[in-house]
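Take a look at the structure below.
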Amino acid sequence: AAETIKIGVAGAHSGDLASYGIPTMKAALLVAQDLNEQGGINGVKVEVLAEDDVCKPEVATNTATKLVSENVNVVIGHICSGATKAALPIYRDANIIVMSPSATNPDLTQSGDYPNFYRTIASDDAQARTLVDFATDTLKVGKIAVIHDKGDYGKGLAEFVKSFLEKDGKAEVVLFEGVTPGAVDYSAVVQKIRRSGADAVIYGGYHPEASKIVSQMRKKRMKTMFLAPDGVKDDTFINVTGKNAEGVYASGPADVSKNPLTKKFRDKFMATEGAEPGAFFDNGVTAALALTNAIAKAGTDSAAIAKVLHTETADTPFGAVKFDETGEPIGIGFVVYQVKDGKFVTVQ
Amino acid sequence: MLELRQIDTFYGNIQALHEIDLKIEEGEIISLIGANGAGKSTTLMSISGITPPRYGEVLFKGKPIHELSPDKIVTLGICQVPEGRHIFPELTVSENLDMGAFLRKDKKGIEDDREYLYDLFPILKQRRNQPGGNLSGGEQQMLAMSRALMAHPQLLLLDEPSMGLAPLIIKQIFEIIEKINKEQNTTIFLVEQNANLALKIADRGYVLENGKIIMHDQADKLLVNKDVQKAYLGI
Amino acid sequence: MLSFKDFRNGLMVTLWFVFLTFPLLVIKINPIEKSVVWRWHNMLYVACGTFVFYVLSRLYLARKKEQQQKIKTGIVEDKVAWSAKLFSEPKFYIPIAVAGCLFALAFPTLFSTYQVNIMITALMYVVLGLGLNIVVGVAGLLDLGYVAFYAVGAYAYALLNMHFGLGFWTVLPIGGLLGALFGILLGFPVLRLRGDYLAIVTLGFGEIIRLILENWGEFSQGPSGISNIARPGLFGIDLSLEMSINFMYYLTILMVIFTIFVVNRLQDSRIGRAWFALREDEIACQAMGIDKMKTKLTAFALGATWAGMAGVMFAAKTTFVNPASFTFLESAIILCIVVLGGMGSIPGVIVGALVLILLPEYLRAFSDYRMLVFGAILVIMMIFRPQGIISTVRRTYSLKD
Amino acid sequence: MEPILDVKNLTMDFGGIRALDHLSLQIKPGEIVALIGPNGAGKTTFFNCITGIYKPTKGDLLLNPPGKKTKKLNGLKPNKVTEQGLARTFQNIRLFPNMTVLENVMIGRHCRTKSKIFGAIFRDPRTKKEEKEIVEQSLEILKKINLDKMADEYAKNLPYGAQRRLEIARALATEPIVLLLDEPAAGMNPQETQELDELITKIRDEGLAILLIEHDMKLVMNISDHIFVVDYGKKIAEGSPEEIGKNPDVIKAYLGEDI
Amino acid sequence: MDYFIELFFSGLTRGSIYALIALGYTMVYGIIGLINFAHGEIYMIGAFTALIVSTVLTIYGFPLLAVIVLTALAAVIWAASYGYTIERLAYRPLRSAPRLSPLISAIGMSIFLQNYVLLAQTSDFQPFPALIPEFDFMEPYAHIVGSSDLAILVVSAIVMILLTFMIKFTRTGKAMRATAQDRKMAMLVGINVDNVISITFITGSALAAIGGLLIASHIGQINFYIGFIAGIKAFTAAVLGGIGSIPGAVLGSFILGLTEAFATGYVSSDYEDVFAFSLLVLILIFKPAGLLGKATVEKV
């Protein structure tokens, strides 16, 4: 009945975290544009409503109500786990399906509180598992220092890493410590790492602090290995850290740049923006495609959409993707990269 | 030497001075008397450019100064000892004196003047290195005057120099006022509550009443003027 | 109207700003590819912008001077501040208040739930503003850590609700009391501090609370926060999203009215006077037999109480709390509300809150420029109305009896 | 008859400086006592010590309220001292500039009233009554010093002389038994001083004891029953105005030959 | 023991950075009693200017030394200009306004400047070229003190000594002290108060810029937000030492820096800032005017 299909996109589009939110918004717009060029979904045009939540919970609730009151059919977002958590109940009560390209907090799916939630990125615990296994089995390190940025994402991940390490008992956690983002200097904590005699650092957090810590470790002539999650697997990290980035391991979604769909949308992006798409772009595209695909098959009724999402796969940059009953994506996992001469290259 | 023409001064929207006209000749002692809140201090502040007049003009040696900034006015040789002394509390007595000579470059001259003033007010010499802040009222008043004199003013504006001072000190202060007027030929514009004393040493006097000059005349004439006696001399 | 001199100065100023903004606005570097983009057009914008702005401000000043000229020569009466008049004379403010209330009541029916939701946030800041107004505006204690008590309230509800399933109505007073308690705990040692020392200590306290919430995971679930906090119940009826938002709205309205009522009565009471006096001159106050510590402490604690209650409502509204919501910036905003509205003036604070909270929402149109404009507005407002939008009018007694 | 305020060997040091040196002083009920001395003698410091604003290094402060037993004021906070019945004015005016004249006086009533927060919020009859009384009594006092016409003016807009009087009114509002005035006539012209003279005597006649710091000898000699002279924190003389007037030490240290 | 020394040095480094910013706070506060929340932003702008200028110069192939000198100059000049302009625009009109109005104006200014840089440049972190080279003679001690730490220590030491000298002995310094204590009187002895205040802002901003330059090339990256946290810390340090007092600001900064370093080293960096602020609260409780601040007994 609706004259258009409305897709809400919520995330940080301004403020200091904008760089994480904007790519997804662009992704959604490009997908919509692409569909509309082919005459929309079953002849119905797709419309994207983008709303800024600055990654703040209290703002996110406003954003959510705004989208709900503009009765969107589905929502892509939010970007930060905190904001997502705050917004989800509102969508749930309005019975709207939400798919986040980047909110990795496990509770979102595992708590079972949000049946309407899906995501196109693996959760922190999965990623923690990847990092831990890589450290203990591939790198075979015995002593590990776990550092985090006290943030939602970083600390959550670090805690999983810690608990996994302790459970497996293959390696010993010699240091578990949070650093203050934005501090003018990290040498004290770096000294502490050195003192702990760790062979490797597993860091939970985003690239700015990671880069500061790595640089200072190298400046202090420390060879300690450095493992980090997808928050660090970002070209900015390499650019900022320069030669000190060499050898750093970072986990992230499998490299899908070969995939034609990925190419297609990346090129579209290049064409419009004239720059490489930033963080979570592919996940954004994936979310958009998965949702539109489901709508195409099931119409705009949430229950029906959910059914499709669970049962039928959609073609996305990450290949054929569908979702398990908790809303986790099946077929989007993590692989580990290492920085070699200024590039992230996959390690087998 | 100094001439005020039709000065109007405002604080925000409150008008404190209404069309003040006033003339001071070289070498004179002029005293301005008036009740509290009459606008005496405001007059001085208008001359010094702290609260510049909104309308009217101030001429110093024929040149208009009412648009100059306070420091420029000081450079011209107009110094004020404001009401309530305004000693720099954390500077020592001698540093306070140096500030008085802020615009002067001649080291030697400054030294001599400081000595001269120490002779004038021996107590200051004793307290030389004590922070000005916790001198008592009288000590501060002396310091304030000395500080002004350090600048070698041609025109010295004094705002209630006798306020809150012991009778003995008041006498000293007034003697000194006359002294510098004679010896250094400093022109003096004296604002006083204590009309008696003020008019005794003054050549001419002006009477200010809520922002208006209501009377001006030779000092001795004012002293015997019935209205003045009744209103300001408490006779 | 504008002299040649003005234009010359205008040019100087323009040049100055061109110079000032040159590196940041004109040069855009890409440190990775080691490439530079020269955005000369920006320089043009700056130049034109500055010059126009300068000329306008000149004109404004010129007009002002004329006004004064007129006032002097008695052509026009200089008028008392409209605001003062408006809020001093009942025949003016009663109707306004009534109209305001009616509008407030009708609001949810008139606007979308989104608008209502925003309005709830704004109204909560009204409560916060009025609370802080007791501390800063009335008692003159500069508190930069007010958000701490807000956090206390919010987490009080979040935790009590999570662990013991306590409901909104039970926790609301508890939150207030906890706020007061923390207020007193902090107040005792630090209220001896003067002016800005107090400011920084409270700021520190605010940060400490936030950091503890962040790091003490076992207690507060750390940075990932607490979710699924129950919305306020209405006799166990379960409400649809829209209804519960409207319900929340009316609750907040009630809260605001309650706050206004209390704060207003406090202000013209024996204690209120003591607070004002304290702000004016502490030593004289003591000499008049006012117990400095006790009076300050009551002000501080009362302010905290309101922060606490507002916190509970915040938690109930967002149904999710995490430390990120209680940064120094929040305290700063609340302070802005008080000062920009008009220190110690209740209508002032209300207006201030509505302006400062609704502004960013409706500035969404400016998208990225939002906060830029916001900051600029703060500065400009202060320059043109340093005493706040609506300045205080002291109560007069002898008139009435 | 026994002094109402009895100060014994009061001593006050500021770092090096000894501002007060074993200064003793008594005031009898209904007396106007003047405390005079050169600038920096320690008069204001004396006030600050007995009103608890400074903590004296040594000495005893005894207050004998008529009909009650002796109270020791040492170490009390300023507000407690005021409650005991000592009220003061300040050498450099310390009014509440942005409150109305009436409110300034009402603040004075604070320590004699007791309504608390809940009273304030719920406006129970007791509080209502109290408020009413506060206003009336304050207006009463304002009438006495004829400022009642300016009751709703901001204190800062009063002319200087009026401000000085208002300070006295505010002090009176605390129902003192001893009133301490620090240079009330400073910066007043002879005429205003005249009025002040009458005001102070009037207050005295209502039975208050008054301790007065003043440099205006005309006023002092006029109204005081007894005069203490201090110099360098030490008492150098005491006695009736006549005696002081011709005491050579006083003349040398303070008055100067002719006045 | 080694560990102790290591921590000690990292404490010193932090300390001297805080000091460079804190001085600006303390000077401005001393002279117009304003907590200049925009000061942290000046530091940030200093860093950004440095980044831009240095990149441009390197692109046009200047030799490293020239780059360093010119960059430092540019950073100082522009930061100072911003400081001056801010004072003219946002604070001077509020000289006679209620006490808190300038504070709000400052907060507004800080928000404005952050977003100005965000929009004019970018929101992501930018790599900052290592302007401070790795000295060979430092190699043996590299694991304890990096070359950049050394440079920071030395430079800030020199700067602070110069500043102290200026305040104590030059005419300008005297004028500043006088203005700080009694503005009206300062005018009456012929001091151009407006200029003095401007000079204060300029000096403070210049120091902040040097701080920005040093820390940026030490840490190797900047974004528009770095000013805020550093600013708050530096301000804390200034208060710790007794706001308004120059040596106080330096002392406070070092104490704060060392506390943080040792807290991190021996306890945990989780509570780093909690330690910092608790220390502040404690010190102020026992010394209400800060370490070197004069406890001004109001002369009643």
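Every chain is named by a letter (A, B, C, D and E) in the order it is written, and numbering of its residues begins at 1.
One rule holds for everything that comes next: contacts are C-beta pairs under 8 Å (C-beta built on N, C-alpha and C of every residue); 3 or more make two chains touch, one makes a residue touch a chain.
These numbers were taken from a predicted model, which means no experiment stands behind them.
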item: Minimum number of chain-to-chain touching steps separating chain A from chain C; value: 1
item: By mean Cα position, the chain sitting nearest the middle; value: C
item: Farthest chain relative to chain B (centres taken as mean CA coordinates); value: A
item: Reference chain E; chain at largest CA-centroid distance; value: D
item: Geometric centre distance via CA averages, chain D-chain B, whole Å; value: 31
item: Distance between chain centroids, defined by C-alpha means - chain D, chain E (Å); value: 49
item: Centre-to-centre distance between chain E and chain B (centres being mean Cα positions), rounded to whole Å; value: 42
item: Computed distance of Cα centres, chain E from chain A, in Å; value: 37
item: Chain D residues counted as touching two or more neighbouring chains; value: 53, 90-91, 94
item: Residues of chain A engaged with two or more neighbouring chains; value: 15, 18, 150, 178, 239
item: Interface hub residues of chain C, defined as touching at least two other chains; value: 31-32, 215, 283, 368, 371
item: Chain C partner contacts - residues on chain A that touch it in the complex; value: 13-15, 18, 52, 56-58, 61-62, 65-66, 68-70, 81-82, 85-86, 88-90, 93-94, 105, 107, 111, 113, 150-152, 155-156, 159, 178, 239
item: Contact set on chain C toward chain E in their complex; value: 16-17, 19-21, 23-25, 27-29, 31-32, 34-36, 42, 136, 142, 189-190, 192-197, 199-201, 203-205, 207-208, 211-212, 215, 283, 328, 332, 335-336, 339-340, 343, 368-369, 371-372, 374-379, 382-383, 386-387
item: Parts of chain C lying in touch with chain D, wherever the complex brings them together; value: 262, 265-266, 269-274, 276-277, 280-281, 283-292, 298, 302, 394-399, 401
item: Chain B - residues contacting chain E, complex; value: 48-50, 69-71, 74-75, 79-80, 82, 86-91, 95, 98-100, 102-103, 133-134, 147, 151
item: Residues of chain E touching chain B in the complex; value: 171, 174-175, 177-178, 181-182, 184-194, 294, 299
